[in-house]
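The letters A, B, C and D name the chains in turn, as written, and every chain counts its residues from 1.
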């Protein structure tokens, strides 16, 4: 069993992968970009991949959303929530006064902006493809400091000059575990489902209709994110995460509704929530309510009510 | 084959029954009241019954609605629309100047109020159980004139003093053909369906939810009528007629939705519309759209999308 | 001060009028029909009128609804709830065994059907214009018994053979006090408002839009009743009673919404509820919420936010 | 008059600023980041600023959205749509075979990915803070090629090796012109309005209610974008662009509705659309419809209807 992840070694994604029980003992293969990791999964070089999907401060990761929404289909089979906490990594001996440049992934900089302004006000920020790459650049002497996970220090022979850096307390990044299309993992009652809805341009009220399909069945959305389809300003797709499992009757009927409303719908997966929250199920929307209503319909259609 | 109808002979209901092709050659049995006709059907004295349901001027017939909504279940299998046109029936020799009293069913009086005020301004109106009974009372000498169908004149030995009486042009009464619960007649694409929804008292927004179930599937209501349940002011049931047949996928799913929302739902029938209007079916709500969506759901649930 | 009511003396409407505090000491004038009473008010023969609007068993009174919806405008300024309890009135000396005919207003008969079947199974029912008129007919010897209020016995020299007759316990009739158009009585926090909405035929989804105007502002409907407009089957107006007063901000904005949706809207009145129920006001819909939002809008429009 | 823009010289933002008629003859001041440009405006160093808001391929610019949604308030007073077309800039004499590294802003890379794979398959991509900075790095000899606007070539002494590079035809970037809070520019009938809605965590159905406020008044959204509030996964704000001007009655009433539903609403501006599209106004939602309805409400409240 092989898992792809956004490398190099020492990224938060690697830390997330290390917390996946199923991945213990598996081979962990770093890839330079999210698309590269996902393409490796598509080509069969690996059996699974772990990538970041959204962050409670920086928002969703556009590349991940776009790859899963419009690339060759893959399926989310699990998720991991990882608290965000940066360390400032330097070459041994570097002091705060020595730091002229700080490198990081562009997502890390806004999460530490105030800390940087307070502690290294004169340093310039430099973009890197990943925080681990930033650490590598520090080790190589290109930059003076890197924002990265403290676990990256050992890997690159760096020192931790400061730890637990973040402007916002309790920031969390959500990662997803992906596989090639497959039967979803069984429902646990603590499930989340992800779909992507493509709305035709000639259907301006479609978003309201979509939300109505969820609302009338008591299904709460946990994320809704619009992304351009690339067909011009004003043409969007909607990434939606919501409570429940595709095997639930209320979810199934809502998804069929979306299918009939939208130009296209892509099912991206049903999986156990990392926060293990069990949703409130509104009266009239339990599986048994659907089963009873279907039996009643059969009876009245056949004249045996 | 025996048909019950609201008698006595000479009522509009008998005229409606005479226009039902299936009833030609059958036995036609008059009953004194709507409940009596329906009880005869329930007991098996007859195989079918014809009663008035609504009138384009006077509105729905409460007794019919209440009997079908809350009495032992019966099913609508067809409908008849009959233009309303009253005649003023008198004993031979009576002139306008002789008329001191005009009798009719209470439904007839408001439809002819202006005509009566113009032509017999001094006559007093008297209530009768049916227009035919009013004609009988005129024949008996109790009253001077009756508002009834002109076809009732011969039956009671009366003369037609005036014809084509109505305050509103093009008034129509809608009658329904009833049977004991049975498989609905097959869909024709010009169908109407009737249900009765009982809303629990603890669910004030339920009517909006019910209308939403229809609206989101492009189903137009042709009649919505609230009636008290007898449980106190503010407790209502809703009689709803709408476009489509219970065999249609969009109707079936909407009805299952009602079943899950409401305290109770009674299916009263699917039948061919007398006006033979073919509804517009909104995109995404054809049977094929539902079939395709169900196949897609099956595929994603099993991992074979 | 003069009040019109549906007479003759001894009707439930007179009993309702007797319970109106403002009418104590005023002149009470009986009229033969609801339209006659209302026309007297319109012509200025009286300053107010009391008529029945709905009954918890028999439903709304079509004549009252139609007169207020489409006749020359009048305004509801108050309401009375009267428990329904019939008495069986007979000429002194009459016993159950003597009764061949029982007369009443057509509304009374269905409310006592089971009682009649149990106690005078062989008696035939006869329609009268009012229960008091039925009592008069008994006094005159036309019929053997009348269903009416026990208070009518003395007035017509009859005896009460049975009291407290009703098939359904706790039945209530709701009467309204009407005046010519005038400023509504001030809000009490326990108010009801009545409007009539005329939906254009080319606007099938209008009812859902109307309910939405109420629902989104947390306004509960207490009665919704469709009536034909007389323009053909399928053309309806909607009588709607709902919580709140036209002076309330949430009610005012909802009514303006109706006005923009509908072909026409008639305001029929705001008045204190007889049941003195104080509605729950949903967050964001208090008058202060509307005032604050309007001030905010003014500020952003002028650039002073 | 001074305009801040995302520099350095040679960025697409500078090209957008050059197309703003009001900015002709004004002083144009480059800033290193979007927050820096906006802070300059807030501090009064400049009177206006131009920044990118969204791109038809890459989506919205999170930094701009977050700054305008949660930073010290600024107001959009205009917009510019600029076609996206990249050039590959190199030091004079460089050929395709020489290119080992290509630098650009992270937004540019995904828009040219397929072109890069086809034309410089072996080159590695490098992140830069802006495309102009990437050009500067090429001029300095750090990297071999830069993706940037062709107008940047002259500024940095580079050659255009290829032009009109983009994976998706007709890609457009939308820029906004910002000022400190001020009265909105007057309506033109071709207006767009931007607001940010903060939904309280205890109000899961609020998004549907918000869309309903727009839908029921016939207002189409042109962009809806969720962003985390930083308060944890699942806590979002919604950036919404929609047709119409805050001075329009239908927009004003919808905004008051949002204000009452949401924990907070920020008005970000009303301004003329760059695409000069004139929206269809649904019947019942013109300013005159609101004026008429308000006059009617005043009349019925005062008893003068």
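Assume contacts are C-beta pairs under 8 Å (C-beta built on N, C-alpha and C of every residue); 3 or more make two chains touch, one makes a residue touch a chain.
What you see is a predicted model, and the numbers here were worked out from it, not measured in a lab.
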Quiz item: Any chains in contact with both chain A and chain D?
Solution: none
Quiz item: Over half of the interface residue numbers used by both chain B and chain C, so same, or under half, so different?
Solution: same
Practice problem: Quick one: report the Å distance separating chain A from chain C, using the average Cα coordinate of each chain. | Solution: 59
Quiz prompt | Rounded Å distance, chain B centre to chain C centre (Cα mean) | solution = 25
Quiz item: At what distance in angstrom does the C-alpha mean of chain B lie from that of chain A?
Solution: 57
Exercise. Going through chain C residue by residue, note those that touch at least 2 other chains and give them in order.
Key: 212
Quiz prompt | Chain-to-chain touches, reported pairwise for every pair that qualifies | solution = A-B, A-D, B-C, C-D
Quiz prompt | Complex interface listing, chain D residues touching chain C | solution = 73, 75, 181-184, 209, 212-213, 216, 246-247, 252-253, 255-257, 259-261, 265, 267, 284-285, 289-290, 292-294, 296-297, 300-303, 305
Quiz prompt | chain D to chain A touching residues, read off their complex | solution = 54-59, 62-63, 66, 81, 106, 110, 127-129, 168, 170-172, 174, 204-205, 207-208, 211-212, 215, 220-228, 230-236, 275
